[in-house]
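I've put the structures underneath this note.
Below, subunit A partners subunit B and then partners subunit C, in two separate complexes.
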Partner chain A sequence: MLPYIAKRVLMMIPTLFAISIIVFTIIQLPPGNYLESYIAELEAQGESVDRQKVEFLREYYGLDKPLPEQYLRWAGGMLHGDFGYSFEFNMPVTKVVGDRMLLTMIVSFVTILFTWAIAFPIGIYSATHQYSWGDYGLTFLGFLGIAIPNFMLALVMMYVANVFFGTTIGGLMDPEFIGKPWTWDKVKSVLEHSWIPVIVIGASGTAGMIRRLRANLLDELSKQYVVTARAKGLPPRKVLRKYPLRMALNFFISDIGSLLPHIISGAEITAVVLSLPTTGPMLLNALKSQDMYLAGSFLMFLAFLIVVGVLISDLALVALDPRIRLSGGVAR
Partner chain B sequence: MNIQRDLLIPAEAKAEAATLEETQALDPGHFVSTEPFDPGSAAQLPPGQERFYLASQWTLMWWKFKRHRLAVASAIVLLAMYSSTLVTEFLAPYNLHTRHTDFIYAAPQRVHLFHDGRFVGPFVYPQTKSLDMTTLRRVYTPDRSDPRPLRFFCSGDAYRFWGLVPMSFHVVCPPRNGTLFLLGTDRLGRDMLSRILSGARISLTIGLLGIALSFTLGLVIGGLAGYYGGWVDMTVQRMIEIIRSFPELPLWMALSAILPVTWSPVLIYFGITGILALLDWTGLARAVRSKLLALREEDYTTAARLMGAKPSRIISRHLLPGFMSHLIASATLSIPGMILGETALSFLGIGLRPPITSWGVLLNEAQNVNVVALYPWLMLPVLPVIIVILAFNFFGDGLRDAADPYR
Partner chain C sequence: MIRRLVALVALLCLAAPLLADEPPALAEEVAAGRLPPLSQRLPRTPRVVDVERPGWTVGRYGGDLHMLMAKDRDIRMMVVYGYTRLVGYDEQLRLRPDILERVDDDANRVFTLHLRRGHKWSDGQPFTAEDFRYFWEDVANNKDLSPFGLPRALLVDRHGPRFEVLDATTVRYSWDSPNPQFLAALAGANPLFIYRPAHYLKQFHARYVGLAKANAIATAAGSRNWAGYHQKLDEQFRFDNPALPTLEPWINTTPLPTTRFVLVRNPYFHRVDREGRQLPYIDRVIINVTDDKLIPARTGAGSVDLQMRYLRFDNYTFLKQAEARNRYHVYLWEKAIGSQVALYPNQNVDDPVWRKLMRDARFRRALSLGIDRHEINEVVYFGLGEESANTVLPRSELFRPQFRKAYASFDLTAANGLLDALGLTQRNDDGLRLLPDGRPMEIIVDTAGESTEETDVLELVRDSWRKLGIALFPRPSQREVFRKRVFSGKAMMSVWSGLSNAIPTPEMSPSELAPTTQEQLEWPMWGQYYELLGNGGEKPTPPDVQKLVQLYDEWRQARTDDERERVWLAMLAIHADQVYTIGTVTRALQPVVVRDDLRNVPKEGVMSWDPGAYFGMYHVDTFWFDRPEVAKVSKP
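Let's look at the complex of A and B:
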């Protein structure tokens, strides 16, 4: 088991390396660099440019150096927590970002829990009651969840929450609590606001998961050992609980690989609409103003989140599934 | 068929059968049929079943698909929507760029048939505008005394058909000196219905173009990986893994944000399509690869190789047809993702740009919660999006079920 874990962790390194190269390419792609256009803009507005500072930045990030060296500086800086410099905000990216990344992680995590909590019972019901009215109804609901663009769902839910429950528009808490220490009221306010993003982000992911879980469980239910168990007279509920359900549990863990990118994508656009203090709105702004170091580090962070998430799910699978533990490979 | 079989029977056997028939015919105790004997008759299928057993794979698929009613209905809906894009300009009551400055944010108008209990045919009541001084909102009230019948097959707003031929023909036109805003107007007083109809042209084609691109990419890359195996396969596998570990939407956002501002809207359209396809081929490539890996071990592949067929011929002639139907089904299922992707990008304002009009560009106007409260009809472009996504999903499901007709 240990060699497998070691191998799995080591395999992450080339992946992250390749991702960082792609992100760096994206940073470099816009014509000219931000520093130049920034200086030009300041000069056009008649403001004085702090030559010394510009020089320092140029030097620090090697903006006049060849690309490979720029990459090394950028990637090397990232390794010890320096994500580059946001030219738009005029401060290091780490300061601009603040706890946005943490909040993104929390929102994603809660959404995964929500997705599991909803998808598990519904998926099992759909599979065991195949072609019943309940199955059709739930499948249709799931399809709706996939088909409605989540930004529209977010807008409408925000409006509904405001009209029916008096929740303030947007954000993760009432404006009066922003920057205040954590109190019971503040927690309540956060909870009041956070169910909308969780439902909106979770909607399409849940729908996809229900469909995959249903298909998986149906495959499992038609296998011969289930037929044998039934033929030997085991009550249907016990058959389900003893064997196929446990298989389905493994699927929940291994499905994180396809769920997580989905949730993070959904979280970004939903956050823009709901103006949540997560990475979404800031990534969009950074991209619009071509503040590429900021955008690049967000991208890098999101990809990193997914890679680590998949790693955790793989390791959890090793702990859960003896077949993998014994053969030392992922059995999917 | 019978003639062929007759030819296969050697002449002596025929002569023997003939003499046998003669001797038996002399014996009165037995009934002997005098009809010619066909030794292949046992293997021959009754005419009713021949149709089923000898049907081609595609015929079988069509039969199975036909039974999936929801899929057939979805196919019809999709067909209708796609064919509407051919004649958008005729169907739309207005030119999509015409501004009606007197009717900004006008609410949808209703079409009536009866006026004062008397049948008039389809007509609308003209709207009069007033300003609500407390909320500063424009309020449109229909004037119920003055029915204005619609005109059909008429000449209305001028436009260029497909951007080329100047014309002014419309299927429905607003009444003379009147307006016809069935789905309301936007902040510049442009008719929403006409805009949604022309948005279909962009939103629907971007899915098809994108899937064509990603299909080709997936087929070529997956085909190479699956057929050659070894280091080619390793490289492709790693590449797919890396692309998959990016969250789709943020990467789309980043790529479309770096499309040069100087590009023309048409170039941007192709750029966005390319970006959507660039991240989408991985699923197809995976499917192609795993199928190829399995199929290249089959005996018929070895036979083809021994007979000197080139890899390109083996792949395209012997291997691909075996799972093409599956590929088409899964490609259909990934079109909705592309349409949603374009909608999301344009909604955020980093996708397509006006004057190109797609559903996402239209939804860009409905970005804040005020719209939901005050002008909910600006959110209507989301309806065709939902319908198309649902239809593609059901259609693709039906295709996938039909793709394996022998099960």
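Let's look at the complex of A and C:
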């Protein structure tokens, strides 16, 4: 087991290196650089730009250096924890991300709990009561959840809230708490405001999970060991809990790999629509304005979480499912 | 005793106008002794704001003004809207002293600036000549802080001014030759700041705390060196450092990054209304940051009190629809550019055959006559624009109808006649005219590739030019590439918006009309020649362009407004006659959303960056809310 983990960890180094090159290249792909898009944006609003100042910034930010040098500066900095400098905010990347990371994690975490809490019972019900009215009804709802894009749902909810209730949704807390230190009142306010984004962001995830759980469970339910267990007189609920449900859970564990990055970046577009103070809109803006160190470091962090998440889910599968083994060779 | 009483009474009488009511939001602070009373916060002679506009009234204190912005760094807009300048434009575009009590201007060469005695920064520290000296000696002439030298507006033929401190409230800048741009630069939307809060910035300056300590402070705060840290803190325009003292009406209290800025009233602001009450009327400004594409939607949902930025004309119907439900009004203001979309024949193009044509006024006139501006107006601007050559707007006193109409009608016969007279009579099988060397006339128009408006207009121009036997091909590229192609003469013709300031007064510089900088798309190399004082680019040969250069020089030396006006009109006449740039449609409209009970916002206005600073020249500090609760004390 230990040599295996060591091997996997070692493999992460070239993987991350390759990812860093790809990330850097993709950010550099659109023509121009941060200053160009900055000037373009100012001029689009009819403002004038001081060219002298732009030259100063070009030199100060090192944008006049060749690309490989810029890459080395960035990648080298990350090795000892310096994630670079955000041009847009004129401060180190770590400071920009700061508070947003925490709020993003809260929203994502609550969303995941919400997803599980809803999806599990419904998925099991649908599978055990296949082709019943209940199954059809819940399946219909599930497909709606998959089919409606999150941001669309958010827009509809915003419209309804505004036209019928006269309120604006958006934001994650009452305005007076923004930028204030954390207090019990602020926490309560965040909880009060987070249910709408949680429903909106969780809708498609819930629906997807219902479908997958149902399909996996249906596969198992018709297998002979289930029939045997029933024939031996085990109560139906116990049968379900003891055998097929556990078998059907593998997909759930391998999902952890993609879950980790989701926690910190989930649902960019929805967050933009609801103007949540999370990391999603920030990443999107950084990419748009070619604020390359902010965008690049953030993407690298996501990549790192994916790599780690995949490792964790692989190890968890080994631990939980005896059918999966580390060593090669033909089983059976 | 009696004498003492009399003195007291006399003192009270003197102080009476200054004892006008305290802004309620500050009353508590003053009562508790945390803030000196109003009379001690205002300069000895505050600026009395009295706006000459029908419907403008003295207001009441209180309320929060909500606005939306798309980026954190848009907070700088509050420096634009607040428009606190040494001198600033009023609505009639006259320069008026604002922070300054008085400017003595001797033939545009010697400027003596008189500060207001007792004027204070937002932290209560005095604002004096020392703040000017600090900028001049320790910022502008410091090699680390200003590696590129003095700001350009301070240079006349590469020479900076002499700077003198006459006394604690008087400073003088003098040049050997006139610098007529100086005051305009001070009044800019993004102004030339020639003063700094010295008492605050000295804490971080190597000269005052020692190099080692300054660098230690900077590195502890995460900057590379003291110069970088000083630069970062010293951003009067970016407005992103809440600790930096300011002179603006509202102080930013929120550091970046954030999604909600709260700005509170500056208790030391130097303007009062005619009843002696300190401005601004509105206590707080709240700016929520959201995505720019959502701003029209959220504006329509009624979440703002005042919004212009990020609203486009095509949002108008949507905004209008929710007007009643969400208690706001949509006004349409005018944009102050010469032409929404203008074509720039490049007189410095590489190709010798094309260059000869581009420099021929008859050819440019033919191209201008070959554009159906009415069609462009109807198709692209819903018929709400005005067909015009690229010239100043009717709002400007320099406007003359003949400038607007010059070669701006759609007249294919006249245009074809002009082209025939040029000897371009040969045509190929497609009906395209042939150049003297036998190539078909195919004009490639470079665009920066950013706006669909430009491509829509070009599409229509292409159709009508085809009838002249000229083909047009747009060549979208990217801004940097676009500029390089124009500057190097690779681009034959380019497309951009027209005159950037189309509401000039004779006092404003006509530099846009003469070759003065490389940025001018119609003659980049001639512009570069004057920008580099003859050390690069090309000297213009056509007599009409030389005349423009001469006129521009006359303007710089001019001593009276009459003289300046004469120069302006002469330059505009040459432009109208020579059609250096081809305008299409002007007077495009900008929606402005205003809460029903927000008073003193003009119904009609000009949306102009410089001069004007958008809302700035309309005095946002005098906007006020006409609602019952505003009369009561609102909590800060």
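As a working rule, the second predicted complex is superposed on the first by the 245 of 332 C-alpha atoms of A that agree within 3 Å, B and C clash if a C-alpha of one lies under 4 Å from a C-alpha of the other, contacts with A are read in each partner's own complex, and residues count from 1 in each chain.
In the analysis below, contacts are C-beta pairs under 8 Å (C-beta built on N, C-alpha and C of every residue); 3 or more make two chains touch, one makes a residue touch a chain.
Everything quoted here is computed from the prediction, not taken from an experiment.
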item: Partner chain in contact with A:Ser132 - subunit B first, subunit C second, else both or neither; value: neither
item: Partner chain(s) touched by A:Gln290 [first = subunit B, second = subunit C, both, neither]; value: first
item: Partner chain(s) touched by A:Val272 [first = subunit B, second = subunit C, both, neither]; value: both
item: First (subunit B), second (subunit C), both or neither touched by A:Asn90; value: second
item: First, second, both or neither for A:Thr228, with subunit B first and subunit C second; value: neither
item: First, second, both or neither for A:Glu55, with subunit B first and subunit C second; value: second
item: Touching partner for A:Thr183 - first (subunit B), second (subunit C), both, neither; value: neither
item: Contact residues common to both interfaces of subunit A (with subunit B and with subunit C); value: 31, 158, 162, 170, 272-273
item: Of subunit B, residues touching subunit A in the complex; value: 238, 241-242, 244-251, 253-255, 257-258, 260, 336, 340, 343-344, 347-350, 363, 366-369, 371-373, 379, 382, 385-386, 389-390, 393-394
item: Residues of subunit A that touch subunit C when the two form their complex; value: 31-32, 36, 39-40, 44-48, 50, 52, 55-56, 60, 88-92, 95-96, 98, 100, 158, 162, 168, 170-171, 175, 178-179, 272-273, 275, 277, 281-282, 285
item: Residues on subunit C engaged by subunit A in the complex (per definition of touch); value: 71-73, 147-148, 151-152, 189-190, 222, 228, 232, 238, 240, 254-260, 262, 286, 288-291, 294, 298, 301-303, 309, 335, 337, 448, 450-451, 478-481, 500, 607-610
item: Subunit B contact footprint on subunit A (complex, rising order); value: 14-15, 18-19, 22, 26, 29-31, 143-144, 146-149, 151-152, 155-156, 158-159, 162, 169-170, 261-262, 264-266, 268-269, 272-273, 283-284, 287-288, 290, 295, 298-299, 302-303, 306-307, 310
